[in-house]
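Both complexes below contain chain A, partnered by chain B and then by chain C.
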Partner chain A sequence: MNTVTMNVNKIPELYFECENVNPDTFAGKKAAEIAALKGYQGKKISTLGEYFTITGDAGATAADTKIVINGDCTKMKYIGAKMSAGEVVVNSSTDMYTGSWMTGGKLLIKGNVHSFCGLAMKGGEFTVEGNAGNYLGAAYRGDWRGMSGGVLRVKGNAGSDVATFMIGGELIVEGDVDIHIGTHMEGGKIIVKGNANRRVGGQMVKGEIYVFGNINVMMPGYKYKDEVDLEVDGTKAKFIEYIGDLGERHPKKKGEMVYGKLYMKK
Partner chain B sequence: MSEYIIKNGHVFDPVQGLKGDKADISVKDGKIVDKAGSGAKVIDAKGKTVMAGALEVHAHVAGPKVNAGRWYRPEDKHFDSHKKPGITRIEGGKSIPTVFKTGYEYARMGFTFAMEAAMPPLYARHVHEEIHDTPIIDEAALPVFGNNWFVFEYLKNKEIENAAAYISWVMRQTKGYGIKVVNPGGTEAWAWGLNCLTINDPVPYFDITPAEIMNGLMAANEYLGLPHSMHVHQNSLGNPGNYEVTLDTLKLAEGVKPKNNFGREQVMHSTHLQFHSYGGDNWGNFESKAKEVMDYVNKQDNITIDTGNVTLDETTTMTADGPFEHHLHGLNHLKWINVDVELETAAGVVPYIYDPNIKVCAIQWCIGLELALYAKDPMRCFITTDHPNAGPFTRYPRVYSWLMSKKVRDERLNTFKNADKVISATNLAELDREITLYELAAMTRAGPAKALGLSKDYGGLKPGMNADIAIYDINPDKFPSSGPEIEKAFGNAAYLFKDGKICVQDGKIVDFGNKHTFWVDAKVKENKLVVRDIREKFLRYYSVNEANYPVPESYAPHQHIITVDATQA
Partner chain C sequence: MPKVVTDIICPFCGTLCDDIECTVSDDNKTILSVKNACAIGAEKFNHQKLPGRVTRPRMRQADGSFKEVSYDEAIDWTAKMLVASKKTLMYGWASTSCQAMSIGHEIAEKVGGIVDNCATVCHGSSLIAIEDVGVPSCTLGEVKNRADRVIFWGCNPAHAHPRHMSRYSIFPRGFFTVKGHKGRKIYVVDCRYTDTAKCADTFIQVQQGYDYELLNAFRTAARGESLPDTVGGVPKEKIYEVVAELKEGRFGIIFFGMGLTHTMGRNHNIDIAINLTRDMNDFTKFSIMAMRGHWNVTGSGQVLGWQYGFPYAVDLSRRDQARHQTGETTSVDLLVRNEVEACFYIATDPGAHFPVDAMISSSKKPTVTVDPHINCTTEISDIHIPVAMVGVETGGCAYRMDNVPIETRKVVDAPEGMLTDEELLTRINKRVDELMAAGGA
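And then the complex of A and B:
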């Protein structure tokens, strides 16, 4: 695997859109060609070379390409967005749309990510060592197709509206989450190891949400079902199972109604 | 103004019968002339196709429901909304582009005119604000009359003269172009939770039928002698088996004679016929009835149609057919907006994905193409996508590629997931016809111009006509064989002249031209009854004051007014 190293050499005045910073675009390109790739700041086009010092050539394919980014990326959007293979490591915090629409590969952010990250993610592994903002792993604004595959792990806390319209995959927040989690969810698994605020699983049709800590205010559309012993993300414990959201439409499978499931650690 | 001479191009112009003949076109002071001066700038069109600027006969490009689509579908404009190099602004949106992108994209495809197909009279100001902000292309808007309380009351009592006086008043207040009818009676019935699914279903309370509404509006249209005919979106849109309703509706035109000074020969324009040519009685046995419908249209000279081609994209449906949008929302469960417009109309908006893997969508695709391929008179059959309902207008080049190349269309047809079922439910596989450049010029230029009553100045390249000219990088002697090549050529005009000014060069916008808003001022005899009725309805029912209703001239500062005198009618 070839490594391309990018050192931030200029902080954008507005925000720099790194739609081209992913192994798929870099594949088969030399450092100089990568530096010539385009990126927008507001309505102005410039090149990656204007904001990064780039060393190392990419591999022949995305899978053979690793990108390491050093320096302050808090004003860089879209890093790793739409990547399908390979690896990206950012030794900093990043701005919006990081890892959104990714379909494969590994993306590691050592700092925090802003809002709208991991949107509509379809596959791959996306790990954030710090905190995430709002709309983590959700559908894009207005869209009804949220995260559908892959594993998205945040080691810190996440904001509100996490995993809206989720339809598949696994999203783990090791800290706390704010309001609106798994709204309109129709599949997939959400694990919150800390506390959840309010409106957990509102209008949820299908899927599973696990909360290890407390839920500040429970939705009224959930009904107690049972107590079960489970192993969730390496933790064995007893969980209380609720089904819902009873206020929402639910499909039938083999004559049985399918509900969303909400598990709270006892 | 500059003078130009376009040399050595292959000219396709049904107005003059030019079928690819090499001819020089001269331009002076915004008009096509016999001969330009010696200082004229020479444009070399050798090996290229030259046509008049194209006219869009039916698209939803401006106004409140288009904007409702824009604001409730931010996901439609997320990707690919960057600013392109050059003088253009940021261009956003795929199925519901911004006004700027709308103007640019039409121009890049060689269009110089677009008709906004449904203007709610009460929201005419909004429509004109958006039209004013759409660059380059000329535009007009059709106010909707098919669910209007005044119209119902006058037509129920067969008061054609009063209906015409009211229509003339609305067209002047709203700066409208003609008479649009959407699901006649059905949208008003929707306010009662009902619909009119045949032309004989009475509208609740008003006790008038869609057939009576359409007969009356056709009569009023000819009474006024408007440049365009009644423009109808029929009842029972989108339902399996609706072709019988379609034939019933088309038959209403039998025996009605066009009466106007604009050279228009039709009395009914039936729009997006693809949505109205369905057989079967459910989605399982859904099939094409395009042949049956077109057999009728072909022999009935006083009807024009447009296709409403499905482009197999994710798009946003929007129509003043409120009940239909609610029905669609029930089918696909995607987000739905409904708007009621007081005494006049309503509208709904729902996103829709025409998925080539779904049999019904593939059959709809076939039906749209069949309509154009069965059309015997290309001067009466126009190509549309009912933008954005069957697909975005930006897909016209792709629709042309399917119509102009059997190879390209069969490649698509044979690779559908349910190809066998789709082929057996349609006739497309048997159709060998390929639309020629000359026929395309009729379907997109001369035909729509004539149907809109604009044939004196637009849709052709005869000296004296407006210098709206599109030049495509297509050599008719070596017509491109692959779909993407055809698309590229039609999507990126080599040149577009608008009013004698070069606005597009090599597919890039180089000038914003002089955009005009067309509207029709139909003068009628003073009618005190109608004036009193209007005053009374404003006092009793409208939420706005009568004085706040008209669209002031400042909303359409570059207006092109077509005057009609019906005072002697």
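And then the complex of A and C:
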């Protein structure tokens, strides 16, 4: 695997749209060609080379390419967005759309990410070592298909609207989450190891949400079902199972109504 | 001899009352009296004759004072600012005509602007919900002629849309609603006992920030499922009772306002209210409508939607694509994050309504404000360009809150030599073309 190293050499005046910073675009390109790729700030079109010092050539394919980014990326959008293979490691916090629409590969952010990250993610592994903003793993505006595959792990806290319209995959937040988690969810699994504020699983059709901590206010559309012993992300414990959202439509499978499931650690 | 102009459209709120009458002086320059309008609407017409009106552009000087300049000079400065800036916020549009908007959007496409309207701090969250789940809506005429179950959720038309209740929603007698008020059941859901609540048959006092939970409880009750004893301070018996009454109605309508769009959850509150409306259509006919504020904010959404597919916060900065993301391309976020280099405000007053951090950021950027009046925003602008008042001194198309287009009328002449929004934007557009042809960005 070839490694391309990018060091930030200039902080953008506004926010820099790095939609070309992913293994798929870099594949088969030499360092100089990568530096000539376009980056955007409003109507000003510049090159990646203007804001990054780039060393190392990319591999022949995306899968053979690893990108390491050093320096302050808090004003960089779209890093790793739409990547399908390979690896990206960012030694900084990043701005919006990090890892959005990714379909494969590994993306590691050793800092925080802003809102709209992991939007409509389809596959791969996306890990954030710090905190995430709002709309993590959610759908793009107006779309009814949020995260549908892959594993998205945030080691810190996440904001509100996490996993809206989620239809598959696994999303783990090791800290706390704010309001509206798994709204309109139709599949997949969400694990919150800290506390969830309010409105957990509102309008949820199906899927699973596990909360290890407290939920401030429970949605009225959830009903107690049972107590079950489960192993969730390496933790064995007793969970209280609720079904819902009873105010929402639900499909039938083999004559049985399928509900969303909310598990709270006892 | 003074003449009477009839059937004037009121350019104040989204209700767009179309029965205003004005008495106009002989020389067609002054409105002497206004009939039929509410107190706020009448004031809008009376503004026209207030003394001290600015009639020529003013440019900020080094010492902070304003100096009168010609329209040509102001247009040249504005065009140069737009061409030089990498990303410009072009905010407002809610109190001008659709014709002016379309010229403004043409400029935005050329200079890479971000076009946003007042929905961004108002019903933007309703628009996000509509993007997410659609909207079963109707016209106000249908409400007047058919509705027998009227819900006001988090809105107070008695103060914000003063003639809404008498023209459409509570009191009028319509084709199928011959008993008027007596034939309708009125529900008000609010965290305060408002003046609108005084007209209600049933007032439901919800704990602040529990609208989403209460709407969820309504949906759950509509499906016959069990509920906790109270939801948001409302007993479950009350919820079951109201839901049963709603199901018995022939035509129901939910009007909602800032109590849903700007409390916890924002778009989700609207989203679930829309879904409740959808659910109720399993039992009877039900609709939902946003109580839009500025008289033509709906029009801005219509024009932007028709041209670019998004109703507000349309980012044209890449010039080859239109993008929209609430939280990113919305005015307050752009200003707070310092993501724009210049500001162009038209037909609105963000200085009075935006968070202070946003306006502090705005005040540090080159700013042009186009508005007939002196307001909070003009005072932090580099240039204030006064224009004729749309709906009073010039006509133009506007959209009512139910998305019905209505052509507003000219009542009196604007002060001599004053440009309209359309004329001004056309000239800025031409100047932008000249600068770009000469090698501007």
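Throughout what follows, the second predicted complex is superposed on the first by the 266 of 266 C-alpha atoms of A that agree within 3 Å, B and C clash if a C-alpha of one lies under 4 Å from a C-alpha of the other, contacts with A are read in each partner's own complex, and residues count from 1 in each chain.
One rule holds in what follows: contacts are C-beta pairs under 8 Å (C-beta built on N, C-alpha and C of every residue); 3 or more make two chains touch, one makes a residue touch a chain.
This structure is a prediction, so every number in the text was calculated from the model and none was measured.
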Report clash or fit for the pair chain B and chain C bound to chain A in the combined superposed model.
clash
With both complexes overlaid on chain A, does A:V68 touch chain B (first), chain C (second), both or neither?
neither
Go through the superposed model and pick first if A:Y40 touches only chain B, second if only chain C, both, or neither.
both
With the two complexes superposed on chain A, say which partner A:R141 touches: chain B (first), chain C (second), both, or neither.
both
Contact-wise, after the overlay, does A:S115 reach chain B, chain C, both or neither (first, second, both, neither)?
second
Taking the superposition as given, does A:M96 touch the first partner, chain B, the second, chain C, both, or neither?
second
Return the chain, chain B or chain C, that is in touch with more residues of chain A.
C
Determine, for the stretches 5-13, 59-67 or 167-175 of chain B, which one clashes with chain C when the structures are superposed.
59-67
Chain B/chain C common contact set on chain A:
40, 43, 141-142, 144
Please give the residue numbers of chain A that touch chain B in the complex, ascending.
40, 43, 45, 139-144
Touching residues on chain B, where the partner in the complex is chain A
72-76, 78, 82-83, 85, 90, 334-335
Mind listing the chain C positions that touch chain A in their complex?
85-87, 111-112, 128, 131-132, 210, 212-213, 216-220, 222-223, 225-228, 231, 264-265, 268, 271-272, 275, 279, 317-319, 324-328, 337-341, 441
Which of the residues in chain A end up touching chain C in this complex?
13-15, 40-44, 96, 115-116, 134-135, 141-142, 144, 165, 179-180, 183-184, 198-199, 202-203, 217-221, 223, 245-248
